[in-house]
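Structures are listed in the sections that come next.
The same subunit A turns up in both complexes below, where it pairs with subunit B and then with subunit C.
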Partner chain A sequence: MSSDGDNDDFLYEDEYDDGFDQDEEIDIDSTSEPDVYDAMSPAIEEAPQKKPYDVSWKVKTLQEIIDMQNKEISKVQALLEVPSSSAAILLRHYVWNSEKLQEQFWNDPSQALEEAGLSPSSSPTARTTALPPSPTKRSNRSLRPGPSSLLKRTRSTQPTGPFECPICCMEYDYSSTYSMGCDHRFCKDCWIEYLSGKIKGEGESAKIQCMESGCKRIVREEVIDDLVTKDISKRYHNLLNAAFVADSPTLRWCPHPNCEYIIECSQAPTRMLNQLVPTVECKCGNDLCFGCGYAASHRPVLCRIVRLWEKKCADDSETANWLQANTKECSKCQSTIEKNGGCNHMTCKKCKYEFCWVCMGPWSEHGTSWYQCNRYDEKSGIDARDTQAKSRASLERYLHYFNRWANHEHSAKLDAEFYQKTEKKMEQMQNSGNLSWIEVQFAKQAVDAVIKARITLKWSYCMAFYLKRNNMTELFEDNQRDLERAVENLGYLLEQNISDTDSIAKLRQDITNQAAYVQKRHDILMDDTLRGYLERRWEFTVDT
Partner chain B sequence: MSGLPKRILKETERLMADSPPGISAAPKDDNLRHFDVTVAGPESSPYEGGVFKLELFLPEEYPMNPPKVRFLTKIYHPNIDKLGRICLDILKDKWSPALQIRTVLLSIQALLGAPNPDDPLANDVAQNWKENQSAAIAQAREWTRQYAQ
Partner chain C sequence: MSGLSTKRLMKELADIQSKGTPEGIILLSADSMEEWVFLISVLGEETIYKGETFALRMKFGNRYPIDVPEVTFLANEQYQPPLHPHVYSNGHICASILGNEWSPVLNAVAICITMQSMLASNKKKERPEGNDRYVRTAPSNPKLTRWHYDDDTV
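Our next item is the complex of A and B:
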């Protein structure tokens, strides 16, 4: 629908190439601030190394969205030779599909106008013939009795003398009344009350009709702006813009609080969402999913699976409640332990028992041979896992994946703390190890890698829950396990205490290497999974 | 109740003086926004011969918001539920401030003459109405005889 079709380049700049020839008769941009583009915004313009599963997008400001509408409106206005407010009403009626609008309009102009809520003779003053209210088709239940005789419906018969408003029954001078040209005249006070109620109370915008029952005439923008207070008019225009974005399949508001940007993306239509996970980044610095509006990246999981998962987690509240309790008992001495850091290698303060937070099994099994913690393994799992989960295999299976999902979620939530701790350590290293500021940045980069990988790992467990058991799933879980192991190792290294200068040098080497490895494993998992959708490699236990 | 809007006064006056056939409406003494209403069942409907009591309340926002109307007499009708609540478009999203108490009551009377089981409020009644219309109509007639006469 947008007329500029060049969505293929990954743009973070603003485009003002088309804003000149517009007749700005509606001045509604007094509040939006199109000039706040931050030249210092984080250098996130990653080289556009486009993968087949990536999408391109642009971040738009509210002003640009207004400009997009105005551009369409003036185009239609010129083509159909109608006033701009009529063009706007027509476009909104045809959901901004200007081709369809033109087709219908040239087919039968008066019908197109009438359907959109604009009867042909649309001069808002004349037409003074007294008519009974002509209700259009209504359902048989709301049968209107004939022209009501009781309240004298003073039609706009003569433009002089007092006028009795049929709504409030008060008498007015004609100058204080208003009719939209549909022969329904009411006093301005009633109009203001009506319009304000519709806008403020019911959040209506584009479809506010005449006050007369059954009259489908749409109230024009300029009428509303003229009648209601500034605040309400502002809200009205906000609602119009919100409706425009909501109606457009290629636009989506950034879901992050206080962010007013709009994402434009034409490569992720709904039908593609069974093979694409269109994660995009807003100018506010946060990720979101263009497909479903999830306020973070949920890669590599499809939108539909995420919805199912969230619903399941919400529905199984009883178990979720139990799971969300963030304490567990030491499997040796039964002391209650709260996990307050990111690493899964736990050491009980009381009995010095070392165990894995995820499976509650002894850590020694993990450190040496196979990392057994990411697979659902009924036999070995039963001993270590909490007793409540034993009742049903399916519940247990769900809990297995949910546990790991929630665990990574929990760890990711502690990332602020993690950054703080790391920062302290970085200072310590600068002081005791004679390292420069730039030299200790490796630690922060490692934390970045851990957090990013944890988010991906989190969703990988949701994915695994819905995957059918087959060879492809085995490969997926291998990748998942490799990443998980790499992340835990790195997390462990980052939690090490710094003792002397020599150990710092070694630690730095280890962390740098491990962080690079985590990044690599992360990219492999992501790349393979997302490509898998395009190659239709994944089979789910539910429809996608 | 001081400061009743002119519109309400005028409507009340006309309703009392000249009420539509089969319909009566009068405000309560203690609250002039609260009306006692009776509607006669339309001819050749299962409600024929019955007189149904309703209450009607004009909220503060009337006429910008629709009046609240409820059946007090028990009635077997697919669009009216056990509590007497009515499923009628003009009482909800199709309300227009140009409609009046009078038009609302006439619409309710029309609803009695033309039940719409495809848009039900009372699900069990609507189902019965669709599956076995004659039994449903007999039931409505029976309830009318039992409760509305």
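Our next item is the complex of A and C:
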């Protein structure tokens, strides 16, 4: 689906200028996932080339994100001849747009500094700030300048004697007080209380201002690090990093729990999201959408449509709850049946009636060219005579798509569970000596193909719900139907009892062939749909 | 940290007792170091609140003045909140000084002065948009409401 490589780097420069120097970065080539269809390598010999609808991306560690910031800071620091903490405050104020910062700064340096929350560099604090010796050593954990020179220095310039803190009204020696370049002096206890509250309580970082009313001066990193506890300082730097990632249109946190990687992608700016579905894979092994942060692939559906769909599903949760009930009745003998496998081909244990779980129609119709399970019969809606009937038809239309959407998700989960049960059996087969490890991998590969196809099918129903009825949509639904039928066949094969070693060779052949076919149908649907965006073939009932 | 708020409030109280409060602002009660009530009226002939008096209650947490106090106009049999586009009928106030523009150097009297001038600059007696909806669902502590400050003119 997507690949990444050095030869894609040129695209960064062309597509989107984010202000960071890509070419000097150490390339951590995220996705050693040259071919998502690797599992099916027997069926596909060559790795597919990068498609026009795919994007390149890199997976970054938190340290690399910190390095990115430090690099920008040192650059600005050298260019504008300001201390590094001032450079950091300026960059954050200009949302890391160093060109805009330089333009404003050279236009009117004192105004630029003041707007960013720094007094002009004639003030003593701004000039003499200690610089961390090496920016590369500044890690998330210990971003502290060696000596607390800043606090000591201000102390020496102040008169000795008692000082009454205007906040807590207690008397202090000057050594226990602190003021920034703005000369608003308070006791350190109040500073600590204030800074800790801002960081811990309110989650503020880059915009913490002086305590004086109306004073816009920003508190510097090293001042905060000097005053607050280690834990709070750590949280402060985490917040700064989070803000940096949130402010950058080319960065996104991996949304998966406990994953701390950051995805960098410059080919999926917001304006492209009406024709791209930028699915990327994090180093944690999970997919996400770079466009909207959805914690899985939602291809082939556009981010905006996914948002509409999710909102609709949440609004109609009552009916969704009703739909998700896991039991249905056999349409022939009325026995209650619980679906406990991923395949939609149901056989009633009691009366042996074979039917389709989704449409409840007889399975025999699905095996022939009269397979109509994927298509909602729009004609039934036309007959609606009054508003009530129309609204019922519209609900029914929604339920038709939602039912299939939810069903594929549910089935994908069941397939995965079923596979875990089968895995044990395969180990036994391996141990009994008839098959090698490599020979029993076919089942895993087939299950992977089924699950991936089901996720795509799931989203294809969301897509179909919003598509206008026209010839293109008919073609889309033809592809959808072909894939669905292939998946159901493969799902059925996978649920056969494979512990019988005599029939294993035949079953293995069937499953491998069917899995390759599922893969092929999947690729056709995906490729055609994603290309369709670039060719502006799809028309939706809502604005994209 | 209880020492922080107590010492500071004692000092504010001493200042009020020695220097008095600005005209139109009276400290009604300061029975404890947790809750004070001020009476506020708007001076002059121009004001639409002529002859009206409002009661402003402040609740101080032990992180005061680092944290902003909880400030509301009283709404009971005796006092009603002013009809003002930033004051809800339950007495909650939408004012930036009570949110992101709070500074620990400000004090109780400074809040009163701000409220007084907020009333003085108003020309039209009306409740905020969406008052009923807000009052129905509002938390009892207005500090738990996420305010959006969009109009600095009144």
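Keep this in mind: the second predicted complex is superposed on the first by the 427 of 544 C-alpha atoms of A that agree within 3 Å, B and C clash if a C-alpha of one lies under 4 Å from a C-alpha of the other, contacts with A are read in each partner's own complex, and residues count from 1 in each chain.
Quick note on the criterion: a residue touches a chain if its C-beta (ideal position, glycine included) is under 8 Å from a C-beta of that chain, and two chains touch if they have at least 3 such contacts.
From a predicted model like this one, the values you see are computed outputs, not experimental measurements.
Novice: I'd like to know which partner A:P278 touches here: subunit B for first, subunit C for second, both or neither.
Specialist: A:P278: touches no partner chain.
Novice: Per the contact definition in the header, classify A:C169: touching subunit B only (first), subunit C only (second), both, or neither.
Specialist: Both partners.
Novice: Give one of first, second, both or neither to describe whether A:M211 is in contact with subunit B, with subunit C, with both, or with none.
Specialist: both
Novice: Could you figure out whether subunit B or subunit C reaches more residues of subunit A?
Specialist: Counting contacted residues of subunit A, the larger count belongs to B.
Novice: I'd like to know which partner A:E193 touches here: subunit B for first, subunit C for second, both or neither.
Specialist: both
Novice: Is A:G491 touching anything from subunit B or subunit C once the two structures are fitted on A? First, second, both or neither.
Specialist: After superposition on chain A, A:G491 lies in contact with neither partner.
Novice: Tell me the contact category for A:G291 with respect to subunit B and subunit C: first, second, both or neither.
Specialist: A:G291: touches no partner chain.
Novice: Which residues form the common part of the subunit A surface touched by subunit B and by subunit C?
Specialist: The answer is residues 166-170, 184, 190, 193-194, 197, 211-215 of subunit A.
Novice: Considering the complex alone, what residue numbers of subunit B touch subunit A?
Specialist: 5-7, 9-11, 14-15, 18, 20, 61, 63-65, 79, 88-90, 94, 96-100, 102-103, 106-107, 110-111, 114, 116
Novice: In their shared complex, at which residues does subunit A touch subunit C?
Specialist: Listed in rising order, the residues of subunit A that touch subunit C are 166-170, 184, 186, 189-190, 193-194, 197, 211-215.
Novice: Could you pull out which subunit A residues touch subunit B in their complex?
Specialist: 133, 138-145, 148, 150-151, 166-170, 184, 190, 193-194, 197, 211-215
Novice: In the complex formed with subunit A, which residues of subunit C make contact?
Specialist: Result: residues 1, 3-4, 7-8, 10-11, 63, 65-67, 101, 103-106, 110 of subunit C touch subunit A.
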